[in-house]
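Order of writing sets the labels: A, B, C, D, E and F. Residues in every chain begin at 1.
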Amino acid sequence: MSDGRVVTLGETMGLLAATTVGHLPHVPYMALGIGGAESNVAVALARLGTPVTWLGRVGADSVGDRVVRELTAEGIDVRAVRDAGAPTGLMLKERLPGGAVKVWYYRAGAAGSRLAPADVDVPLVAGARLLHVTGITPALGESAAAAVSYAVDVARSHGVTVSVDVNHRSALWPPERAAPALRDLVARADLVFAGDDEAALVTGGEPTGRTPEELAASLTALGPATAVIKLGAEGALALVDGVAHRRAAVPVQVLDPVGAGDAFVGAYLSELVAGADARRCLDTAALAGALLCTVPGDWEGMPTRAVLDGWTEGRDVVR
Amino acid sequence: MSDGRVVTLGETMGLLAATTVGHLPHVPYMALGIGGAESNVAVALARLGTPVTWLGRVGADSVGDRVVRELTAEGIDVRAVRDAGAPTGLMLKERLPGGAVKVWYYRAGAAGSRLAPADVDVPLVAGARLLHVTGITPALGESAAAAVSYAVDVARSHGVTVSVDVNHRSALWPPERAAPALRDLVARADLVFAGDDEAALVTGGEPTGRTPEELAASLTALGPATAVIKLGAEGALALVDGVAHRRAAVPVQVLDPVGAGDAFVGAYLSELVAGADARRCLDTAALAGALLCTVPGDWEGMPTRAVLDGWTEGRDVVR
Amino acid sequence: MSDGRVVTLGETMGLLAATTVGHLPHVPYMALGIGGAESNVAVALARLGTPVTWLGRVGADSVGDRVVRELTAEGIDVRAVRDAGAPTGLMLKERLPGGAVKVWYYRAGAAGSRLAPADVDVPLVAGARLLHVTGITPALGESAAAAVSYAVDVARSHGVTVSVDVNHRSALWPPERAAPALRDLVARADLVFAGDDEAALVTGGEPTGRTPEELAASLTALGPATAVIKLGAEGALALVDGVAHRRAAVPVQVLDPVGAGDAFVGAYLSELVAGADARRCLDTAALAGALLCTVPGDWEGMPTRAVLDGWTEGRDVVR
Amino acid sequence: MSDGRVVTLGETMGLLAATTVGHLPHVPYMALGIGGAESNVAVALARLGTPVTWLGRVGADSVGDRVVRELTAEGIDVRAVRDAGAPTGLMLKERLPGGAVKVWYYRAGAAGSRLAPADVDVPLVAGARLLHVTGITPALGESAAAAVSYAVDVARSHGVTVSVDVNHRSALWPPERAAPALRDLVARADLVFAGDDEAALVTGGEPTGRTPEELAASLTALGPATAVIKLGAEGALALVDGVAHRRAAVPVQVLDPVGAGDAFVGAYLSELVAGADARRCLDTAALAGALLCTVPGDWEGMPTRAVLDGWTEGRDVVR
Amino acid sequence: MSDGRVVTLGETMGLLAATTVGHLPHVPYMALGIGGAESNVAVALARLGTPVTWLGRVGADSVGDRVVRELTAEGIDVRAVRDAGAPTGLMLKERLPGGAVKVWYYRAGAAGSRLAPADVDVPLVAGARLLHVTGITPALGESAAAAVSYAVDVARSHGVTVSVDVNHRSALWPPERAAPALRDLVARADLVFAGDDEAALVTGGEPTGRTPEELAASLTALGPATAVIKLGAEGALALVDGVAHRRAAVPVQVLDPVGAGDAFVGAYLSELVAGADARRCLDTAALAGALLCTVPGDWEGMPTRAVLDGWTEGRDVVR
Amino acid sequence: MSDGRVVTLGETMGLLAATTVGHLPHVPYMALGIGGAESNVAVALARLGTPVTWLGRVGADSVGDRVVRELTAEGIDVRAVRDAGAPTGLMLKERLPGGAVKVWYYRAGAAGSRLAPADVDVPLVAGARLLHVTGITPALGESAAAAVSYAVDVARSHGVTVSVDVNHRSALWPPERAAPALRDLVARADLVFAGDDEAALVTGGEPTGRTPEELAASLTALGPATAVIKLGAEGALALVDGVAHRRAAVPVQVLDPVGAGDAFVGAYLSELVAGADARRCLDTAALAGALLCTVPGDWEGMPTRAVLDGWTEGRDVVR
């Protein structure tokens, strides 16, 4: 019987983030940490009290030690295969003039891309409350794609809810290769998260001109009962069993927007598996995503339940 | 005869402020400094040229050395009893996701709470132009409460103006215990500063629904001829001998709001003892409080007279 | 025959910028770099692909080594006379409460002020596409003033376009001494850049009350065919052969405004020597100046062509 | 049946370590971390692969969150009672001129001192392979002393090996109060660790003049079958069942000696529970203690098994 | 006709060096820079006044921008092919407990490994005074190996001196694959540098037991007229035309030994092409290598001629 | 009547010290502080409890604010003339490869050099226990030289002990100009401090070959009853009323040697005015100088009396 556990799998990398704004040639120091879409979601779930397992591959190296150490520290059940044949991937975060964030990947051939179906712990997935995967992992290579596909099969055959965040990364694969693969993945999900451009990519047709409601409907037409469209500063929309729920964004001073989508998804899923309705799922997701942006780091600023509650009670300086 | 000196007394602690936003588990470095409401006010006075004495207790330790060193550096006349029996207090400043500041105290049983009536230098207080105390010190314990009470007695019996900043700290005592004590303190003051919530607490009655003018009037009804209501981004109101003066806040980009109230009070008092009218007191106080928020630290950014003057002349980049 | 090269000359100094906002007495660390109006312009030109030579004097010291190293790194052709008889100048950047930047100079008697006519490489200037000078160098002393004057003479006698940025520095000379000298310099230019206050200073008459168009016309009346008025947050205006072109500023979150004018000028000149029309010159200049302000440092944040192009395409987070 | 687990209990605090040498009044930043003798030992055990549980009390605060997070990250089984009635303790590390380390405690009345017998998980202790306690915990107050005593009782009654590190802290209690309490604790242990001064304190008699062998013999005369004397740069001596084993220190460049004793003890215990003989226990302990000193932090530099093995293979630069 | 220029080619990467000693899981910040054996040598040559060209491949990315910028800053003639199809390589430097440096590479498939014979500028190499290559580049892949081989061919056919530093990197290829390839490379050189273990590897036979003289003789037996054995703290030995010159190391306090060999080689070559005898070559090389170790970074601390001269004059504090 | 006060006068500057070893072109951050030989001595005196006044000139700038603030913080009686006509001087500290410290001055024409006889507070000097000056101030220019000379005259005519530290700075004046001026200054002193090279310079004759005793005797032959020769790692020698006292250096790990001589002198003078004999003066001076070197900064690490006493009691880690 399930303990309400969420299982997720994917690649987590070392993350080197510039400590000052500007081109890397002028940055003296990089902050060392870790990051990965699925483990970011796992952190969000753990912070909100949902039992969660992260499954992935890291190298037999010090960066891999750091990945395992940080996720373990969050109270996540870490199932990291140590791969002596490939290094743990890296990403560099550069903050360009004007504020845009540029990410440089060192993940080709890295341990994370060697995730394989045999790494999927079948009883673990079969006994979960929900399996969460993203569209990043299938882009890492055939082995990783097969692992995701196998995990989804296991989940579906055991009646485990399947959640997919489209997360199209154009640096990993071009739209023309990504679109059919992502569409197949979405079709096998119960719940799908997507940005509006991603929804358009997956469902085909015109890239612009459709409303969030239309995009969500196109996604559910592929199979999922629920589609959630993330609209950034415009908030979000959830189409659940044919009913649309709209929610505005929470206005905050954005310091680092990377990871906001993962915080949103993690918070949504935490409420979902706790039995909340769509309204509450969206409210918590919007607040978590907003607060995440006020702290540097892809996941470090994910609020705990106490911070979320404190926010609604008022946000004055406490002394 | 007085040299126009202000005397203040209270606890000053070591202050460890997170150098990055986010939960303390993710903060690698803390900036070390000092802070305390009354000494913050003393800094404001000294920066604006008013002679000021700070009186308090610190431990016979390196943090106590730092307290004495920093306040001496500001040109404050420091009368610090070195207490070998208790450490100098500490506070940790954490910056939560979303921007709120959370302060964790290590002051229970610390040297500052052992301030005693015998530490009060009677001729010093009796010869002062003004005595400033806050509602924090009585919350530290019986000894400290007695010291404040005794200093107020000495001042009143020698015709020295008594100023009180309510400064209710719910982390130190609950409203039900604080209210009567603060009311007694206010009743013996000539001049009182309070936030609107603090004014409501002290004067009793409904916590909300009263205008700043009404709150100020309730305070003066307790005794003081002057009541100043600090309204944060809404500015401030001074009720002086029955006449209300309203003043808007100065719009600035807030980096660290802690200490703004102390800068406001110190600047107000500096103008007051220099003979300024309520309008000028409020103007200088509002500007000082605003500028303080643009610099990290509880008191380091307190403007000098030169900075205040430079501001009114224009705020362009100087080169 | 020219390779489209721009030549500029002036003083470049070591630059120590406070790493935190606030009075220098409370700043623990200063970031070490370099800066100088003319070399800032040279960086802007080099980043946008225009061949550029910077000519100046530095001391035979480590700060001079840094000046040469950083400018060489940018791909600038550096012609630095090493002067064993004087140190390389310094400037300290302090960030006052409220956000204004205060610069303290250590350049009196420094190597840069000893630039002399004999340092001017005549064939280099004679073969350039454009010579750019500023009103700072003549303020450094007689020798430096003579060097600028001589370079302008050489350029004019060989038909090389002369560009002047007025750049009045009141810390170096008072308006009454500066005005006639700057007027003479402007009179010998083909192209002049000025703030509105500088335009008023150079052209005499009332300091306020004239429109940007009127100010530009007054400048061109002194000789130059083109006058560009920099209006900060109000944008800019170019009067070219009698036709006025107006351009709004690009809205960005300003982190450090120092150097924005230099980025503006460098970008304008880069487009100009590439044959662009006034509209495009202004557009690129406005965008470069704005983006520069979003990065700490006087020139480090100058955008490359790639960043400029990326901006117009959209400024979302890239991942 | 035991899984070879070591159980330890005690206080773990937030630790603020000066980032530069010198008096705290001149230190701008403190590195934030955690530390505590027993959890330092637990880290050493975990790094070397021994299952270990740490049991203690922390406050319901962010420093407590950090304690739990860091120990969890190390793979330690953390049983932290969250105490809403007291803060997590703190310590400040100052590095005096000349190199000595001065530690300032903020642990009086802190959560760690409120550890109580009821917090002791009887089946956990009863099922352990070894219980490790130190002479620090009894010094924290009656409740903590009772908890240690109870845990030792439980261990002894279930045949679990009891290890004691004397760890006399004169800042917590004076020798005259400490000596009898520590003697009682040692008398109930199977294995005791002590510095030579501590051995003299516990066994009474002259503070100096006895050889390590004599001190060890005095300790075993109190009850324990094994006594290990830590001699710092002079190495260590283990008296096991009447046979003395001497071991020299490993020469390294010492950066931060704090925690070396804990690394020594943890490594010794890890080898002991793995069945190693005294010679190997001492060798591993000496190397672990030495390497710990080459890294800043009380426990962060504790070597893994891989580092220990790498050391014996050679210590050249790897590239 | 040659200007006495040295040409070198190889891979230069982004370099992220831990700012604190200890395992990467405990390191908060990494210093960003660049490094590569051949460009380190080029820096040494440029600092000592020898004209030098570095030829290599970097990605079309910000790390590649940094490589080009830093080497250009040193006055090196940079011929960097920008490869849009692969990223610039990275390396992470970790400082283990005990002091050993561990380097983690992210260079598999990176731009540097795609260096190709077509990238070799034939007239440049043919006109050089000396070509310097290392045993690292052939280990990067077939294309890079072919490029080195081709450059050596060009040099030999034009009478250009060929210098080889063996630089065996076991992380890139195992001894059994490296040995024959390195032997072939050495056989085509005029001058070879090797550690004693590398000399043993290249010449075969027993790994230990041979004297430096014997090792050098074995190397020259393969072809080169000169062999220099680097012995670290034991100094160095040069066998030149059959005559052995021995030189002790310069004793310094080692802060970061990485790059010392490159400084040694660069200084040796600088003296060599200036016509110095073996004694002077060794003296300068030994001093440069020693001083490099006293500064953090693989090449930043390479002394200039002025520092070298200052050292021989005395090393007291200058004020 | 004197309160045992020492009076000193001279220039104190802003001090920017490189935070990392290496050439300034590679140093990202400089630590901001202050320094000056005479105020360093004043700090030493104040830390050891001797009343001390420092008299000097600083600019009306933020660096001047810092000078005043830091010295005031130390409990020194600061008599700083604020000079609106010149900036406060600066110095940059660079740490060269190999460990030597290079100081770059920006003090020509600075406020400190404008110290004038009229700035000398005659009653202050006349009432002092001892006047301390150095050979640096006369090198700053005629005005400063006259001020020193006048202060010495005042002291001598009132029977105040005159102490001189030769402190020859070759960067300020060449030996041929310095020697006669320094000789005149020494001739008017009661007590002189000098390095062996300085003693040789002042007394003329061969620069080397004389023993410390001979050098001291040559100095006392000029007039002073006491001469102290500072010999760095070789310790020191005091010749007092014809009796020589030799003292070895205290061995410590040197981190930053700058300021050690000033700590030595300040400690010597503190003991002297307290009535100690030459032996104790030398002991305290040697220990203070040694401990100062273990902390970064010219004066920050000056030990207090408590640290000195703690040292003799033992230097183990305190916990």
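As a working rule, a residue touches a chain if its C-beta (ideal position, glycine included) is under 8 Å from a C-beta of that chain, and two chains touch if they have at least 3 such contacts.
As the structure is a prediction and not an experimental result, all values here were calculated from the model.
Within the contact network of the assembly, the step distance from subunit D to subunit E comes to 1.
The chains touching subunit C as well as subunit D are A, B, E, F.
Pairs B-C and A-E differ in how many C-beta pairs touch across them, and the larger number is found at A-E. Look at the contact of subunit E with subunit F and you find different residues on each copy: under half of the numbers used there are shared. Greatest Cα centroid separation from subunit A: this falls to F. Of all the chains, the one whose CA centre sits at the greatest distance from that of subunit D is C. Rounded to a whole number, the gap between the C-alpha centres of subunit D and subunit F is 46 angstrom.
Annotation: 41 Å between the Cα-based centres of subunit C and subunit E. Multi-chain contact residues, meaning those touching two or more other chains, occur in subunit B at positions 23, 28-29, 69-70, 102. Contact residues of subunit F toward subunit E in the complex are 20-23, 26, 96-103, 169, 171, 257-258.
Contact residues of subunit E toward subunit A in the complex are 16, 19, 23-25, 27-32, 61-63, 65-66, 69-70, 87, 90, 92, 94, 102, 104-106, 108-109.
Within the complex formed with subunit F, the residues of subunit B that make contact are 69-70, 72-75. Residues of subunit D that touch subunit E in their complex: 73, 252-253, 255, 290-292, 294-297, 300-304, 307, 310-311, 315-319.
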